[in-house]
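Both of the next two complexes hold chain A, though its partner changes from chain B to chain C.
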Partner chain A sequence: MFYREAGDFKTSYPDDSQTFPIRFDRLGYYAVLLLGFVVLPFVLNDYWTNAVFIPFLIYAIAALGLNILVGYCGQLSLGTGGFMAVGAYACYKLTTAFPDINIVFHILGAGIITAGVGLLFGLPSLRIKGFYLAVATLAAQFFLVWLFNRVPWFYNYSASGQISMPERTVFGIAVTGAQVAPWAGYMVCLVFVVVLAWMARNLTRGATGRKWMAIRDMDIAAEIIGVNPLRAKLTAFAVSSFYVGIAGALFFSVYLGAVEVGEAFGIEKSFAVLFMIIIGGLGSIFGSFAGAAFMVVLPVLIKLVLVDSWGWPTDLAAHIRLMIVGALIIIFLIAEPHGMAQLWRVTKDKLRLWPFPH
Partner chain B sequence: MNDMAQDGYTTADGRKIGGVLMEMRNITLRFGGVKAITDISFDIREGEIRAIIGPNGAGKSSMLNVISGFYVPQEGEVWFHGQRRAPMKPYEVARQGIARTFQNIALFDGMSVLDNIMTGRLTMMKTGLFSQALWWGRAQAEETAHREKVERIIDFLEIQTIRKTPVGRLPYGLKKRVELARALAAEPKLLLLDEPMAGMNVEEKEDMSRFILDVNDEFGTTIALIEHDMGVVMDLSDRVVVMDYGKKIGDGTPDQVRANQAVIDAYLGVAHD
Partner chain C sequence: MKLKLATLALATGLMGGVLTAAPAMADLVFPSLSYRTGPYAANGIPFADGYADYMTLLNERDGGIGGEKVKLLECETGYNTEKGVECYESTKGSGALVYQPLSTGITYQLIPKASADGIPMLTSGYGRTSAADGKVFKWIFNFPANYWDGASIMVKYLLSQNNDSLKGKKIALVYHNSAYGKEPIRTLQELEKMYGFKLSLIPVDHPGQEQKSQWLQIRRDKPDYVLMWGWGVMNPVAIQEAANIRFPMDHFIGIWWSGSENDVKPVGAKADGYKALNFNGVGDDFPVYGDLKKYVYDAGKAAGAGDQKGTVLYNRGLYAAFLVTQAAKLAQQDTGKPQITPADMRDALEKLDISDKVMADAGMAGFGATFKVSCANHGGPGEAKVNQWDAKAGKWKVVTDWITSDKKVIDPLIEEDAAAYAKENNITPRADCN
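Entry: the complex of A and B
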């Protein structure tokens, strides 16, 4: 009933390092899973599934990936859009080359290929840091978009220069293509999100996460205690790109269906995902979800309230959205670098003591 | 204790000191035109507490940085376990069993005390990325095994109550202790301490002295430490190297060093020629 850890004693070290040490949190987590898998697919209409839930789940994966690199390992990247494009094009090439293999494997394959590309672009991180690394990843962003635009092999020489996703099924149910039912796409994204978030949590609470955070907090000390900085940074780049690649593959195959690279995976995408983790919380799994939810829901909310109810013009509403996001980023960067996740944590800590704060 | 045979000696308080663990031979280190270390040789024996003292800027920290692979000397040789050590990266030195603390605390501020100390065991954690991501079997068993070792160090240094506190929020004295814990977690053969008691009050200094002696006694760890407080140095150390302006001006037991005229001059500020 109450949000307490009293009577909830930990008698072993594995218990002590579990993800949700407080029983109430654990139950809440199961409740969210139940809601996501059992309730939502039946109650959501197509608009909410397509406009809110599918993009939220996909952005959550991208945000998890970027948070591993930026929030946990301290390596700033502006190349997220480009790496999402790698995932999308890899998925497209794989699924057109091997149409008989299940789409799930193509999406995983896209993640692995993106991990390889991320590793390559992560190599300079041994020599350059901070601002200069950000510029190098920015160069990767522009190079990758240019590459997918210019080399026809990537879009199978289609006349439009676009890639479009053929119909693919999982257990006989279409999850991509024109005939897809929104809930089917939603379920695919949800399964990926749950598994990937759980893996991210495991990585970040164990030895690998400590290596990343050691590099982030003080790279010289990390090296002195035996962390090989290049290896630690490259694993962060690879794992991060794996997540971002899967997000790109899902964004293309399940969400958009057809993609023009500059439009779908331009520099704005890189910034959008970066803003998600800044607002949601750097170095936090929960924050990745909070930031993704915020950035996806905000425009929908603004449209519902400002445009549909109050009758404001659409372009004004769009500007207001940008202003809100901009202001929040400045506020969070200055006042609360750990984002919404930290606000949530503080609230929970207060709640734990409530109603006797002393 | 004056019998310096190849196979060690016995201290005044009856501890057995072994053979040479680490030997610095004719080390010279330059930064551009500045000579931080000039032609210094000394050894550190197994089980010993070895102090390095000297006025500010004498080159003491630079010497520790040479030992831990952070600086590569222009001249001279480093011998460890009877073998000449090729120039290597700091993380390779760490894997050879050398751990250290810093003059200016170098902890990971964004992590909890427990996680900071757990980083000390990273060189010993071997499960692969995939196994860790799934948190099954080996990864979890390994984590638990290392956690048990770390908890023993936490008990030893009496920091149980701050286990889950983010390091950035700790007062200075406790940070120093956590840094020592992180170094101990690596179970080093040789422990390097750069001014472990700087900026501490008398009580904290006494605690830290006790910990250093206990580490040496219980784990048999060889310790090289830099310290300015002469009282502490004389109490703790078996042998002392004295540096001044990058040169070695004395080497011996605390009593020998205290009686050395060059050392007295350096500390009284007698003009150099």
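Entry: the complex of A and C
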């Protein structure tokens, strides 16, 4: 009834090809932005920011990045944790070497450095495909973690091998370190998420994204119609690593404040982000967000209900939580193999006809 | 649409339930960031049980501390820093008095957060060693001993075994490749220069279930002694591998986190003679156990499965609870109020005086070293005993008296590291203490 194209007349090409052609969607999008930028910063407390929203936003960036590589370009990668580590350590080295430069530029710089590293590890993708590429990126994962553990220069020769984030400010307001107001860290992450998601959306529906998708669907056919596989694959690796690097830098600087590479950026992280995009939906911007929300918010919610509300023993709740999340993943994949994004698409199609389906 | 409304209603309902479930502010709240799941659970469970049982004992026997009931807030971290942060954030608003996360990684996360929020943290025998410098780390305590003490005590013990000379000896350090395992390296390198032994470093990556290559290297190098900084599943695997290569067990010494029953029992008779440091009492031959039996075990109020009593890590949990509840008592005396704040708690921790009498009064005579905390020294005396595993009896034997670490070596290192931390984080060392 409300959710429909009818009556919403497009009179120009940009109007016609916009991201949200349906007014209801568009309004919803603006409402979410308004909620995120204007309402949430005032209502969030420490707990909801640090335990739910900041990790959600950061994982959303990482999932966006991996989705570009796996979902759009079809190059399977298990190196996400390692690339996040590159982002984190690059951010740490940059900010300790140049403390006077704004942290935002360091985070961007960390993204660019990670893009370079990703490019390097993307080179084998020109020769190998599928599972074999997954193994090559797995090597990147282990090599990078080993490197940051092994070479003291990366952690400034600290006794424990940990890197910890000093206080940094944006417009005079602390965004890293201990004295951060909940809204400040949240806002930094939110701005990065919105800009990067907007960029990802426009990259993937433009020529670059179409080349990636052509490579994904059939690389030989793509080559025949004039897509350069070298450029398409390497740009996908670079852009994807840029996103993942920024996620790693934020993860270290804004979220945790101190990390240990083996624990924070281990192979589990690579799998977690991969699960996010599989559950959320491969090749979908919305899917990246949905998957990140599923993997970050659900465990916290289960814990809140089981332990804090029902008073169950913590170990029982931790085990049950694993089982619930695991079962939900399986159910999801059986019920909707294309992820939550597909579920959302189906819902939208149904909504168009609601309440009078034929 | 219906579905979405239903989820929305469910979500609001859940949130409502969560908000109303916040604990009453009237109790003395002690959060316990425990881990009863994951690869470190074998060591996390006894500690958490001991901590919880001591708090239960106080509630049942004494009606709490100074008339105020103790409320234990347990939160599962799985030894994972992200979950640790989540636990900290979810418990700090409920009046938490002191944090003891039992994880060096989580400690590193929480040092700046807890300092900013004004909640003290006690990391007995783990965490950041330089937190012993109270001038820089106002809110953090790590008495009675830290890793650098541990390294020094081990070397001192080895000196006593070798007629005060380690010249030309080969010592290997098998360590958990994390902040925890890397802590002692700096001190050991310093001691290497002093005593002329040769140190080799052998890292084991998390979680440490696979150590064949490390022990192959040890078999090839034939070190005279192996020291270990291990935790969780890494411990029994290392001891098993040492047994497999027939490394002499009495030349294999673990830190206090590598010396629990759960670490040696899986290896069976071959673990006989393995040594480890320890800074708390072993066994259940203390008067406090009579009370625990009467008020906790027999009343069916024991935490967990109730099968951990008397083990090394259970006792360490008791000891950790004993230290902070003593501080809470002291804070109540000083402020004259039964309800204390985290700031009162911090002041009391800084004045804590654990004498023989205090321990005897708690039914724990000789349970730990005697010490006084001061404004400048948050690290305590740095004393530990060497325990040796007797596989036949299935018991840890205490084979030495208290060994004190070499403060001449450690103090300058602590000062240097604390100064570096202060500089990095723009902290002005407190001028009000010497």
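By definition in this document, the second predicted complex is superposed on the first by the 345 of 358 C-alpha atoms of A that agree within 3 Å, B and C clash if a C-alpha of one lies under 4 Å from a C-alpha of the other, contacts with A are read in each partner's own complex, and residues count from 1 in each chain.
By our rule, a residue touches a chain if its C-beta (ideal position, glycine included) is under 8 Å from a C-beta of that chain, and two chains touch if they have at least 3 such contacts.
Please read all numbers here as calculations on a predicted model, not as lab measurements.
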Chain C versus chain B on the shared chain A, clash or fit after superposition: fit
Chain A: partner with more touched residues, chain B or chain C: C
Superposed arrangement, angle subtended at the Cα centre of chain A by chain B and chain C, nearest 10 degrees: 150
Contacts of A:Pro166 with chain B and chain C, given as first, second, both or neither: second
First (chain B), second (chain C), both or neither touched by A:His319: second
Which superposed partner A:Gly257 touches (first chain B, second chain C, both, neither): second
Closest approach of chain C to chain B (Cα atoms, Å): 25
Touching both chain B and chain C, residues of chain A: none
Complex contact set, residues of chain B against chain A: 68, 70, 89-91, 94-95, 99-100, 102, 106-111, 115, 118-120, 122-123, 125, 127, 129, 132-135, 139-140, 142-144, 147-148, 151, 182-183, 186
Partner chain C, residues of chain A touching it in the complex: 45-47, 50-51, 55, 149, 159-162, 164, 166-167, 177-179, 255-260, 262-264, 266, 300-301, 303-305, 307-309, 313-315, 317-319, 322, 351, 354
Residues of chain A that touch chain B when the two form their complex: 12-14, 17, 199, 202-203, 206-208, 210-211, 213-214, 216-218, 220-229, 235, 239, 283
Residues of chain C defined as touching chain A within the complex: 1, 14, 17-18, 21, 34, 36-37, 41, 45, 74-76, 78, 80-82, 85-86, 89-90, 92-93, 104-105, 108-109, 111-113, 115-116, 128-130, 177-180, 182-183, 185-186, 203, 205-206, 304, 417, 424-426
